[in-house]
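Take a look at the structures below.
In the two assemblies presented below, chain A is common to both, partnered first by chain B and then by chain C.
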Partner chain A sequence: MSERRYKKLKTAPQLKKLLEQHYLAAKYFHLGKPIAWVTSGAPVEIVRALDIFPVYPENYGALCGARGASAAMCQVAEARVYSPDLCAYARSSVGMMSDAKHAPLGGLPRPDLLITCGNICGTVLKWYEAAARHYHAPLFILDTPFIHADDGEPTAHAIAYVAAQLEELIAFLEKQTRRKLSKEKLLATAMLSSEAVSLWCDVREFCRARPSPLNAPDLFLNMAPIVTLRGTKECAQFYRALKEEIAERVARQVSALPEEKYRLVWDNIAIWHHLYRFYNHFVDYGACFVTDTYTGGWAMRMNDQGDPIHAFARTYTQVFLNQSLRVRVRDMADLITRFDVDGFVMHSNRSCKPYSVGQYDIRRIVTEQTGKPGLVIEADHSDPRSYDDETIRARIQTFMEGLR
Partner chain B sequence: MKNKIGYLCTYVPEEIIHAAGFLPVRIAPSTTPPTRADAHLQSYTCCLARSCLDQALAGRLNDLAGVVFAHTCDTMQGLADIWRESFPNLFVETVVGPVALNSPHAQKYLVAELRRFVAALEQHFDVRVTEDALRASIRIYNTRRRALADFYARRAEFSAVQWFNVMNKALTTPPEAISDRRSATSNQQSAIENQKSKIGVVLVGATIDEPTLPQILDDLGARIVADDFCNGARYFDTLVAEEGDPIEAIAARELTRATCPCKHRALDDRAERLLKLVKDNRADGVIFYHKKFCDPHAWDYPPLAAALDREKIPHLLLEVEQVAPVGQTRVRVEAFLEMLSEG
Partner chain C sequence: MENMPQEFWRWKEYNWHAPDIAWRNAKIITAGVDVGSVSTQAVVMVDGKLFAYANRRTGSSSPDSARRAMDCALEETDLALDKIHYVVGTGYGRVNVPFAHKTMTEIACHARGANFLYGASVRTVLDMGGQDCKAIKIDAQGKVVNFLMNDKCAAGTGRGLEVIADLLQVPIEEMGELSLRVEKEPEPVSSTCVVFAKSEALGLLRKGWKKNDVLAAYSRAMAHRVAALLKRIGIEKEFVITGGIAKNSGIVTRLEKELGIVARKPDFDTQIAGAVGAALIAKKMKDER
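The block that comes next holds the complex of A and B.
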């Protein structure tokens, strides 16, 4: 892997330690807590409040990608007749299930429970069905109806449906754990979650500064706790430290890049297998990704009006990947204006159809609305086999020369 | 006024569209490679999405007053929004049905969503969808489903191409055109010889839209004894109850009909149904006829194949981009059938 060519964060060792501890605890020190595999968009606060230890196969997929282990794990799944066209996170996860010995960290711990939430994609349903068959673990499906409405508002019946399922999820988890959910503990967990989310929002907002204190890979790496540790004290603590560091960078006008000449927005999941190499192609031009649509996906603030179950239902139904193309256009145009950027780059991600299908139209409409050019790069979030560095470099060159 | 409304997936409630005064017609992929759709859809989306959008962009669907989607897979979800951007004046709606069909709250949710859809139709076209009209439409579509089931029960008398023609015609013609088995097969020239001695196969996939595979099966003397296609048996296997609230009844059918892999009712219900289809119809083997880049079917293939393996039922996977390549498909099907006849 190429080296990063921009300023390292002082909190980086803290982040590393936090995530190492998480995986270590998941594997060896979960202290009798049942293990639940959960999707990145699942209401983890409920899971934590019942003292269940959540583990994130998607995050593990990213980890496989970043460690260069994705292709090998995917091949294990492909040998078991899983199509190479399926999501590479899911494929590496399926590969890990049948060959944990050769998987990074010796594989994820075996799940006692599986909780899948459809607000991010249709793949997680099939992926968790495969896990349920493999491990014979009980599966809970939280069905969050997609929102096609222009204003991004879910219908009242969708909210009622999700809320009813959340009650059912609680009953399911109570039965599985033989514990009773404490409303106080749920609220305390939700508060910790909101605090971390709020701090993360602040960190992202700091990047409106010129020069930006962070570049995209910083955002990608630092979002891990918000996904995997949301609702814990350690998570909120980490983001307090990160916010402090970034605030200081902004105050001292410290730039993430040696020299920031261009500001860009990133769309879609990171290219984990070529994280530094890929973004260095932009650093060569002095182009910094000051914000993105991906790590903002977990920057939703909990709607704390009234009944907490309804607040959860609304928050988790409204996540950005559960929203229409028009909402995606609106959000992208908003980032372009607020972060004062010169253009945007969209990763057309073979592994992630809900994020990628519609990008060609989004690019066209956003450019029409904002006058800012957009570049589409064809790649994959974790399978390096569909990454062509030469072609990508040539496309970046053309795009960057056009910005001058 | 245009009187047709197009749809791509049979989860779209055709009775409601019909009761609003429109003829619901299935939009199927053509055999022409898409060109215009490339500006909107990535190369890793299925031909169903690309070819249907391409036909619309080429102006070949200009006779439609609207297009209605059902929430199924990630590609269709994106396609619905792309369609709306491409045709801003067209009525484009998605009925966002439940994914968790086994949820005790799915019926209530779906009923509310169907009522929202009714209201959207009424508002856009300034029409009224009455209960009486819904009941009449339910009866008409039930009649067609019964006729197709009846035709299916006697499919031994027909060739695979005839089966294909009947099924594909059914979803693009007025429902009254097919009211019994005879009308279903009216333009099928000659029922072929009794084929009881031939090898029987079950076909599984999303949709079947061009007759290459049926033609090959006919040429090689095999019969289709059952199928699990969206535009095949899954379409007519369950009727809508003709009593009670019509919207409740339409919702109940959607939740109980044979499961599409985009939905979940139980972990192994598709495998159980497939094994039952094989046993009940004394099939010799199964052919998976999959579209390239169709995630839900690709996901279900390993567990279905494993279930067949456990029962020692031979199977073959054909993955097709848009039109099955004749030579290659023929060679593979021939080898498979030879294996079946030896078994």
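The block that comes next holds the complex of A and C.
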């Protein structure tokens, strides 16, 4: 396995411990709390406020990828006639459901209920239906209308529609848990969530510095708590420590890379199974991914003060994968300008269709608008069988030769 | 060996050298070695002029293939490898050229090579090689502006052609001409995968199709697939094709028809474009040092 070739964070052991504790607690110490399987775009604050323990099969899929276990898990799912064209997170999850004994961490805990949300993709709907059938557990589907507006703003009736479903979600969860949602607790959770998101935004913004204090794999690894532990004290605490460390790096002009010669933007989910090997190809050229479109997905500050349900409805509908191509172009061009980069690399991710469809158009338009070149790499976020290092290396080399 | 079965996929290996260039008076001698997945070319240039080249099959070892091609290029000349000032390796085996000073990707090399061989007006290069196809947009200096490659599939590549040559028992160098000798252009084979296309071709033969018709159906499918790659990147004039498949008139003709644009025809071997580019880049690197 390849080693990372750029500066390690002091907070890395803290991150590792936080996630280990999360998975351990999910499996063994959830203390009578019901287990909910939730998607990365689900309004987890409501779940936490009801003392339900959320776990993230998508994060588990990434973990399978990073641990080199996803191909085996996917094959189990494929043997059960799940198409290899499906998302590898979904296949890893189905594989784990069928063969937990051979899955990392012995598999995820059995869900007492499931919540899926259409704001990130359509796969999670069918994936969660399959899981709900498998475990005979109730499933809640939150429908978030796609945003067509060029400014990325949902319409008032879309927000009202989602807010009404959130009320239904609360009723569903109250019924399942036989508990009553406390408004105070929901507000407190929302505050903690908002604090962590805000800190995460600050960490990402620090990378505008030259040299950048972080490379994209740092962002990928450090986004785990914002996804899986959003709304907890530990999560906010972690990001406070991370922010402090990054602020110090910036103040002392500490670079993530040995020498930063080029600055790039990353688009799409990380290539978990070849994380260091892949990004080291860029380190060879002194190219640092100073920002990305992926980990920014969890860096949306909530606006509507006072009414959390309304704020959740807006925020969870506005997720970038629920936005039009124009908004994706706008956001990419904005990152290119603000982070002062030399080019961008798009991962055409076989697993993630909603993220990958349109990339060629986005690339063309963004290059027209900014004059910065873009490279498309074809791979998969967690199925290593769709990764061809030699072909990828040739493309990276050609792209970097062009930047010089 | 009389009983050896004929290898229909095998193409001619050869070398060439300029009879009238005196390398001893040269300011700079450079070379480019393109170790591809199927073939390896070595090109030697004297003061930026073509001096010698060779085209050989790539073996299991990239260093050996590079050495063999270089030896073959220099074979009938009195130039020795140690007199060459600078060597650039390219192609899939580029990092394994033992005598190379630097490496460059084949995309950059084909771009530069096409610019040299066809002239500065070339804007779109299609490199049809052994295991992949690349559509490359270049500027007047032969620098890459944009590029696209086929992905994880050998359809539309030289290796695919070799498979079909073997299956139909048609010498690979005659495939193009034979595929054009059909009464009526057949529908293309439907599959884009070499292995599946092979089974489909077998099925057509069983149905009683003539070899030429099967060749035409396969060539059409290949042209169609590559045309899509070119359409994605956008074709600008002048348009040229490099790599081994550029020698297959059946595919080139069909591609031109589908795209509505004529590719400039070369008066040299299209397979050497990458190595020529590498030798030119070697010259530039040496000049800049």
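As a convention for this text, the second predicted complex is superposed on the first by the 402 of 404 C-alpha atoms of A that agree within 3 Å, B and C clash if a C-alpha of one lies under 4 Å from a C-alpha of the other, contacts with A are read in each partner's own complex, and residues count from 1 in each chain.
Note that in this section contacts are C-beta pairs under 8 Å (C-beta built on N, C-alpha and C of every residue); 3 or more make two chains touch, one makes a residue touch a chain.
What you see is a predicted model, and the numbers here were worked out from it, not measured in a lab.
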Which superposed partner A:E234 touches (first chain B, second chain C, both, neither): neither
First, second, both or neither for A:S324, with chain B first and chain C second: first
Partner chain in contact with A:A132 - chain B first, chain C second, else both or neither: first
Partner chain in contact with A:H157 - chain B first, chain C second, else both or neither: first
Contacts of A:D342 with chain B and chain C, given as first, second, both or neither: neither
Most chain A residues touched (candidates chain B, chain C): B
First (chain B), second (chain C), both or neither touched by A:Y360: both
First (chain B), second (chain C), both or neither touched by A:F146: first
Chain B/chain C common contact set on chain A: 360, 378
Residues of chain B touching chain A in the complex: 39-42, 44-45, 49, 71-75, 77-82, 84-86, 94, 96, 98-100, 103-106, 108-109, 112-113, 116, 261-262, 264, 267-268, 292-293, 295-296, 298-303, 305, 317, 319
Contacting residues of chain A [partner chain C, same complex]: 360, 373, 378, 386, 388, 390-391, 394-395, 397-398, 401-402
Parts of chain A lying in touch with chain B, wherever the complex brings them together: 80-83, 85-87, 118, 121-123, 125-127, 129-130, 132-133, 139, 141-143, 145-146, 148, 155, 157-158, 160-161, 164-165, 168, 324-326, 348, 350, 353-354, 356-361, 365, 378
Residue ranges of chain C touching chain A (in the complex, touch as defined): 92, 104-108, 132, 143-147, 149, 151-152, 232
